[in-house]
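Letters are used for the chains, namely A, B, C, D, E and F, taken in the order the chains are written, and counting of residues starts over at 1 for each.
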Amino acid sequence: MQTHKAKRVDIMIEAVMENRLTAALRKAGVTGYTVLPVLGGSGRSGQWTREGEVGRAGGMVNVSCIVRPERVDPLLDAAFEVVERHIGVVSVVDCEVLRAERF
Amino acid sequence: MQTHKAKRVDIMIEAVMENRLTAALRKAGVTGYTVLPVLGGSGRSGQWTREGEVGRAGGMVNVSCIVRPERVDPLLDAAFEVVERHIGVVSVVDCEVLRAERF
Amino acid sequence: MQTHKAKRVDIMIEAVMENRLTAALRKAGVTGYTVLPVLGGSGRSGQWTREGEVGRAGGMVNVSCIVRPERVDPLLDAAFEVVERHIGVVSVVDCEVLRAERF
Amino acid sequence: MDGTLAIAADNLTSPIILFFILGVVAAFARSDLSIPEAIAKGLSIYLLFAIGFKGGVSVADHGVDTRLVLSLLAGAVLSFTLPVVAYWLLRGMSRLSVTDAAAVAGHYGSISIVTFVAATSVATSAGLSPEGYMVAVAAVMEAPAILSALWLIARYGKQSAGMEEGLLREILLNGSIVLLVGAFIIGWITGDEGMQMIAPFIQAPFQGVLCLFLLDMGLVAGRGLRDARSVLTPGLFGFGVLMPLVGAGTGALTGLLLGLSPGGVMLFMTLAASASYIAVPAAMRVALPEANPSVYLTLSLGVTFPFNLTLGIPIYLAVSQALSGG
Amino acid sequence: MDGTLAIAADNLTSPIILFFILGVVAAFARSDLSIPEAIAKGLSIYLLFAIGFKGGVSVADHGVDTRLVLSLLAGAVLSFTLPVVAYWLLRGMSRLSVTDAAAVAGHYGSISIVTFVAATSVATSAGLSPEGYMVAVAAVMEAPAILSALWLIARYGKQSAGMEEGLLREILLNGSIVLLVGAFIIGWITGDEGMQMIAPFIQAPFQGVLCLFLLDMGLVAGRGLRDARSVLTPGLFGFGVLMPLVGAGTGALTGLLLGLSPGGVMLFMTLAASASYIAVPAAMRVALPEANPSVYLTLSLGVTFPFNLTLGIPIYLAVSQALSGG
Amino acid sequence: MDGTLAIAADNLTSPIILFFILGVVAAFARSDLSIPEAIAKGLSIYLLFAIGFKGGVSVADHGVDTRLVLSLLAGAVLSFTLPVVAYWLLRGMSRLSVTDAAAVAGHYGSISIVTFVAATSVATSAGLSPEGYMVAVAAVMEAPAILSALWLIARYGKQSAGMEEGLLREILLNGSIVLLVGAFIIGWITGDEGMQMIAPFIQAPFQGVLCLFLLDMGLVAGRGLRDARSVLTPGLFGFGVLMPLVGAGTGALTGLLLGLSPGGVMLFMTLAASASYIAVPAAMRVALPEANPSVYLTLSLGVTFPFNLTLGIPIYLAVSQALSGG
């Protein structure tokens, strides 16, 4: 089956920043992304879990974007501006996609 | 630690199509897959979120399969047939796995 | 944007083993990880879903760690010791990260 | 007519409607107020459980007669035929493609169970006592409309919307139908004795739970309207208001022919007037993925649902009372 | 005996059982009806909260005596010893490996709190008033059986199922035990005054919530049976029905020796007869990952739980009444 | 004083407090007891819905007067000014940076709605009948403190904590404020008639739901304390106990000046004494990401909340009664 080179960017970010991040992504021309829930984790600022939480302050979400390779740089710039002062982990993976016209 | 080459295929698909997809995967000889929940996202057909939703029409799930490299093609063929007319994003990543006998 | 080589390790493991795994990871010097929920799946031990489940025996979680390449081996050793007798899928992907000082 | 206005005004200031409006307003104001998905589903399970059970108990009390059987049949026939009416109205009033028109039409043959619950509540407040088996009629009306939509496509469309293997079973064994019918049967079997056991769970808190659920529906409907306003042409909007009245008219006729009580007639009107936003959208995503979901969801949940909730139900009450000389 | 049949028939047509059956049927029919995981856990938290609290209040009312302490002790002893009986029965009746047999055996020493709740409800309807501290006995019986299973492996198995560090604490501080015991103690401390505050929450809606929870259990058990039917050899099935009767017999003897009321005897029988499907499976996954979970889950949730719910409880009621000359 | 002690003792053994303690103990013992996130949010939605509605109905009953308007104004002023007091206390009592001190200070100008609910419940048990509009005062006090914290940073800090576009709307249209105010307005509009419809949902089960919610808060607070104990220097701990007393004093004065009833004074004290753990932390994560969340969450949820719940509320009751010569 014919596949096409692309990049998958995963941005783990605080839930309170989700809307700001996706707005920035849209502004940078990213046309598609998906938000995955996150249960908990651990990092320099300690351990956390969503269990029993009522507020949004303590949680994170994972925003995944699949983009053509040439679009990674503007995406990372946009993401970085939002993540900069905030907790967040940004990673990029090479991938292949079906239906390249979608990206 | 000894690792083995494999491929990770992620199929983001409408929740209503999940059972049809996994049935097709099993038929294509895929022996293992994992379903991850998806909170929301955005694409050509607009933005969506699962918050407050009662029905299943509006959501997606992510089906991940790790397979030996030689099994990717039949898998993609099977996935494509289900995804073809539907909303769905299919991506493939090179990975290494422990315990290759499992795949 | 400047990125740095890293590895993303995904460990799918039974929910009852999550704390044991993360403890082992911390012991092996892994400073950060994220836990993603899993809805269901299928493998050699059959199909499962979390729907309607009250107990923890039947579910899995996905623990993702992004680490510098040189830290993958101790991480895999630690993970393997926990996963060994248990159900679990371990995969490693090459990735690029922003802000390398975090890893 | 004064009475209708009074009822309409009363209805508009009932907590149920006001919480729906609160949800819509909050969504438009982009508040982050939201009900977790699991809680929304839990509320919906509670409502189906409660109304199914109550309907069954009421049938146990009043017994079965041929009218019950005929009502079920009539419900199925309406569910099959209303989409055809809707389809032609849509083709006349809007520029929807065959596929989109058929998909929308399917929604209007099926029903909205919350509209039904709200109407039941208004009927009871107005002193009517609708036949308990109207719940079963509601269940019967959920699915046939889907087949009707697929038939419309096969008849007028280019692409084939073949009845894919498994879809029919999926539609008929859809979770809400199974829960509603199951609870109905259990209510029927256990009767008043069963009711005594669980009445404090399904009766006293019912209206409060309904308020919360309507808050959630307001949030979801408001979000949909906010994001998909652009699909709502005047023609489509007109359809979303006209079609429930057409449905209600047909429902009124059917109810009268069946000899139902005024409450029963009113509920038949409501069922025929309401449009599905759970079962049919899911089926359409499977069978007609080319149809645009924002069109049918916006119409069903964003236009027809609020119309029925606010103005429709008082009208159906007034008409059903007038028709039966009430 | 006629009385038992009448009670059994009555029990079989109670909404609680019928909703369980609805769940099983829906699962077998592959309906997509499901209760979200969070709601299922919420229902379970409600039930543990309510029965723990009620038990504690009842102890506050009736006071503590040596019988309470002896009952707790007896519960722990039963939970330790029943797995040994179960193990030998299994080795005789089936071809399970040592590991699988030990894992299954562990489940039958422990208890099912919903079975306990259902039995309490039948006991109360039959005019009995079981000792409130039976809830505490239930809590005490949850964990020892796990140690017993590990001991069986150490004794008869090849591999070592060492008591991994942390496991014991995990078992004893398991969420359901902590909530049940915590609510029990709080009920005990606050007594009738506390009960007055929260009675409308934990008493009136209780049976309704139980119906919904049993619907969920039916769905889960049905799904399990559907997918794992093949593991159910006749021998295993026989064990799943025989072992509760053996347990109930032991429980009856223990209850009589302790001098419990008929209701207390009945509940002791039920506890001994029931098998765990929450705490023990989780512990087994940690300590005995080699044991096949479909065997123990199918037996416990798919065979013994429905058996107890439908036939077992009426039998235990009849026997406990006969034994006490009732 | 004896009366206060008796009330304090009574309060300490109320189920509400005991379930909170159960949660803390379970978290410290590392039990895996937990309430699913969706259920916790559902409980919180229920509480906001119920108290908002009840407050509105009570205003419908008693009418609006200038005192209501002045109370709202006074609440806003307190919410603006208390953070300044808190900031200086913190700078004196601890070594927190400007940023951390300002972030913590913001929490103490805002309020904890559960503390408010617990105080209302104690006030009512003590025979007081606080003004219904105190709920609206609570809503008004949620947000201004956040602006105050940002002003403190702008005034004393090095970095700029600019009022990012969108943040103000986000703060004011925060889900809990919208639900609380919305339910309040709906209660006001529908009055006693509305209350009759949903009373069985929002009144009878209220205390029971509150117990479950406090169990959850105990679990979360205990987890926080367990993991972040190290940030709690004696100075900070002292602040966490002193600041509520300072706030309560200011609240008492304000309440007296406004001429509120003893119950109203007590609730004003409680609002001023309590610290936010939902709205403000979320806003701080957005606007002041450099501030350490474990400091403000541990202080607010781990120290001040339990202090108010156990000792604070009885004190505020005693003081408000003494002040009004009760």
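Observations, loosely collected:
By our rule, contacts are C-beta pairs under 8 Å (C-beta built on N, C-alpha and C of every residue); 3 or more make two chains touch, one makes a residue touch a chain.
As the structure is a prediction and not an experimental result, all values here were calculated from the model.
Counted as hops between touching chains, the shortest connection from chain C to chain D is 2. Of all chains, the one whose Cα centroid sits at the greatest distance from that of chain D is C. Centroid distances built from C-alpha atoms place E farthest away from chain A.
Centroids of chain C and chain F (each the mean of its C-alpha atoms) stand 39 Å apart.
In whole angstrom, the spacing between the mean C-alpha positions of chain C and chain E is 34.
Multi-chain contact residues of chain D (touching two or more other chains): 32, 34-39, 41-42, 204-205. The multi-chain contact residues of chain A, meaning those touching 2 or more other chains, are 36-37, 49, 56, 93-94. The full set of touching chain pairs reads A-B, A-C, A-F, B-C, B-D, C-E, D-E, D-F, E-F.
Residues 12, 36-44, 49, 60, 62, 73, 76-77, 79-80, 83, 89-94 of chain B are the ones touching chain A in the complex.
The part of chain C that touches chain E in the complex is made up of residues 14, 16-17, 20, 45-47, 49-58, 85-87. Residues 34-37, 40-41, 44, 166, 216, 219-220, 223, 227-228, 277-279, 281-282, 284-286, 289-290, 292-294, 297 of chain E are the ones that touch chain C when the two sit in their complex.
For chain E in complex with chain F, the residues that touch the partner chain are 36-39, 41-42, 45-46, 49, 53, 169-170, 173-176, 178-179, 182-183, 186, 189-190, 194, 197-198, 200-202, 204-205. Against chain B, the residues of chain A that register as touching in their complex are 1, 3, 6, 8, 22, 26, 31-37, 61, 66, 93-99, 102.
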